[in-house]
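Below is one structure. I have some questions about it.
We just call them A, B and C in the order they show up, numbering each chain from 1.
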Amino acid sequence: MSLHAHLVVERPAFRLDVEFHAAAGEVVAVLGPNGAGKTTALRALAGLVPLSGGHIELDGAQVHHLPPERRGIGVVFQDYLLFPHLSALDNVAFGPRCRGLGKAEARRVAAELLDRVGLADHAHVRPGRLSGGQAQRVALARALAVRPRLLLLDEPLAALDAHTRLEIRAELRRHLAGFDGAAVLVTHDPLDAMVLAHRLVVVENGSVVQTGTPGEVARHPRTDYVARLVGLNLYRGEADGNRVTVGDVVFSSAERLTGPAFVAFPPSAVALYRSRPDGSPRNLWRAVIDGIERHGDNVRVHLRGPITLAADVTPSAAADLDLTPGREVWAAVKATETHAYPA
Amino acid sequence: MLRRLSPAAILASVLSLAACGSSSDAPASGSGASKSLTVFAAASLTESFTELGKQFESTHSGTKVTFNFGSSATLAQQITQGAPADVFAAASPATMKTVTDAGLASSPTVFVKNTLQIAVPEDNPAKIESLKDLIDPKVKVALCAEQVPCGAAAIKALDAAGLKVTPVTLEQDVKATLTKVELGEVDAALVYRTDVIAAKGKVKGIDFPEAAQAVNDYPIAALGKAPEPGLAKQFVDLVLSQQGRDVLTKAGFRAP
Amino acid sequence: MTGPARGRGPRARLPWPLLVPAVAGLAFLVLPPAGLLVRAPWRTLPQRLAEPRVLEALRLSLVTATIATAVCLLLGVPLAWLLARTTLPGRRLLRALITVPLVLPPVVGGVALLLVLGRRGLVGQWLYDAFGVSLPFTTAGVVCAEAFVAMPFLVIAVEGALRAADQRYEEAAATLGASRWTVFRRVTLPMVAPGVLAGAVLCWARALGEFGATITFAGNFPGRTQTMPLAVYLALETDPDAAIVLSLALLAVSVIVLAALRDRWVGTA
């Protein structure tokens, strides 16, 4: 049960053109900022938005000309869209009923699924009385009840509060692991993507900008958006051996490259000094403090200068350095923590 | 406030709103007309009184005649509730009696009478020739409801003939009855001669002897509280004159 | 100076530019029916109400208004769906046409019905020749006239409800394998049920009070086509007291039915 999709959707002032695939048992996360076209892509897969071009292939069969009800694709919608006039059980039984099962048989299937998501005792509750997490589980059970070849999840955790989210995320991961079809997950949350997906497809402005395993993408971001998501400073420059030139700044890195290249390093790799430090002068430049904010246990300092970057320092270091916006500092990056890779 | 509103007043105002068929002429727009005469008249008088109104205006320059045509019963209720009318011409002595009993008019004069005819569609599909053809159950007959004068007259005529007719409908007024004939929805109806003449070309009238048993007298009176008592009297005189009679006879009325 | 009074103080001051017209509006709507109550011949009321012709007219009114509402539901809900859910060309014109019976004087509506469905009407002629069916002067004709006048109320109410309903639920149903008909039956309809009910109630009330189109199209014959409003109108000709009695009976029955419906289905909304 594999998916090959090339989705082209033309809209006034917007064009989605993305291509990706998902193998049986694989979970692919489509990751991107708001307005990137993620949800449009998902709706196109489900048949709720017509394609302007491209194709959707499930197990080698073209399905993009089929109406949504004949695609065999299960969808978990962002705010679940559980039918408010039906009990949890009848919500889950809805799909099997539509596929020709008798009422009793459909309910038996539904009860089984509700049991699997741990909601057997909520079978007769209306959606209005379910908590967010419970509703999410019912929505998942409802989508799985039609035995879909492809499961789509649209921001499955976005509507949940932080605590529930943690719990449901782990649970969803378990359910996805038990699903033998392909699954495509749309999210703007990198954590959801990293935890739930085997592979990421990063979409910006209607195009795929990067694909890879969560590890690859996290280590080697290729756009500012991805870099910000994974918490890295990212620059594009020209490599020559161990040196990468980004504007006026020259980075030295462990890798040897030639030609256009990315340089990435975490904010924690940046050290700040009030005066020019002694020793190795590499990866060192003057910068002006733009802003300061709390970031976890540390203080994140935004700097401008020849390049803009974020630096994380400990609160005590921040106090020692007397960091205030507008102050000039020296910034240094350790070469061992600087990654360079071809652009 | 509430106590002073009689039900008839409420109903009369509701009716005057609802009666979109019977229209009162628009009041004078003010150019030249210094005096205004208001005549309440039975709907069956619409054509002939409009004609007489024009004649009256031509001999009384500066006077505008305004008509309120409608069901006699409704008009009588409006008058007893204080509607500002100068002249009342009713289609039955009974409705006029409501007004005279209220002391609002005295000595009404019967100025014409109206008799019934069988009205049939122009092509007379049921081949109606006489009153007894109406008893055939296959013939669709429309009568006026017994509550309105033409209905009462129809019952009287049929009783006089000793015939029992089962109508398909009892219409609320004579014009509605006639409309059903015009549209061919019924095969025959009993309506006034005047209405048949007014609908000339669309329906055919058939006289029948029993009509003599159900003659409708039309009384007219100048009203006691008339805003224009002089003009009111002159209008009544015009209606009673030979000139008036000519117009009314042309419309199918008979002299009393 | 009690606590609750102080707490309510700022909210209790209603702005008079709203309050005065509101009270005037209420009086305007409530006083005329109240006038009927005040002037009703209470002493003779019971025996007047028990007259067979009154009961007959009342029964006919209730039966025809209910059937007319059923007809409106059967035809009007799909029509509202068509207007709300499809991109039919000329939809705006269609919607305008549907509201025509609302603005048409009912008597004119009755004449129009005669011209189309009458024995010599455009469609009626064919019905009569082919099946010997003639609608005027029949109870079916009454239903026809009432449905004609009342259906726009239902269509407009249901269309509004359909537009307000979240269509994503219908999409969700489609992804679960539901055909458009199943979606309509099992998702759309239950979700707009309150709107449909509100429309049906309006429709029923309008049909119950229908006069002009009914008397013009279906005529007036006791037991067959004489509904309460027709009986009221004719009673007015000779016996205003009887007219009041009939009006009160109609008023009472409709208020009871509407109040019962409201409690049963519309809740406190």
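Brief remarks on what is shown
To be clear about the criterion, contacts are C-beta pairs under 8 Å (C-beta built on N, C-alpha and C of every residue); 3 or more make two chains touch, one makes a residue touch a chain.
The structure presented is a predicted model; accordingly, all values stated were derived computationally and were not measured.
Distance from the centre of chain A peaks at B, each centre being the average of the chain's Cα atoms. With centres taken as mean C-alpha coordinates, the chain found closest to the middle of all protein C-alpha atoms is C.
Centre-to-centre spacing of chain B and chain C amounts to 34 Å, using the average Cα coordinate of each chain.
Measuring from the averaged C-alpha position of chain A to that of chain C gives a distance of 54 Å. Between the CA-based centres of chain A and chain B the separation comes to 85 Å, rounded to the whole angstrom.
In chain C, no residue touches at least two other chains.
Along chain A, no residue makes contact with two or more other chains.
In chain B, there is no position where the chain touches two or more neighbouring chains simultaneously.
Contact residues on chain A toward chain C in their complex (touch as defined above): 46-48, 67-71, 73-75, 77, 81, 83-85, 94-95, 98-99, 142-143, 145-146.
Those residues of chain C lying in contact with chain B across their complex are 31-32, 34-36, 38-39, 105, 107, 111, 114-115, 118-120, 136-137, 211-212, 215-216, 218-222, 225-226, 230, 233-238, 240-241, 243-244. Residue ranges on chain C touching chain A, taken from their complex, read 166, 168-169, 171-179, 182, 186-187, 190-191, 193.
Listed in rising order, the residues of chain B touching chain C in the complex are 2-3, 5-8, 10-11, 15, 18, 20-21, 71, 73-74, 77, 140, 142, 145, 147-148, 167-172, 176, 179-180, 183-186.
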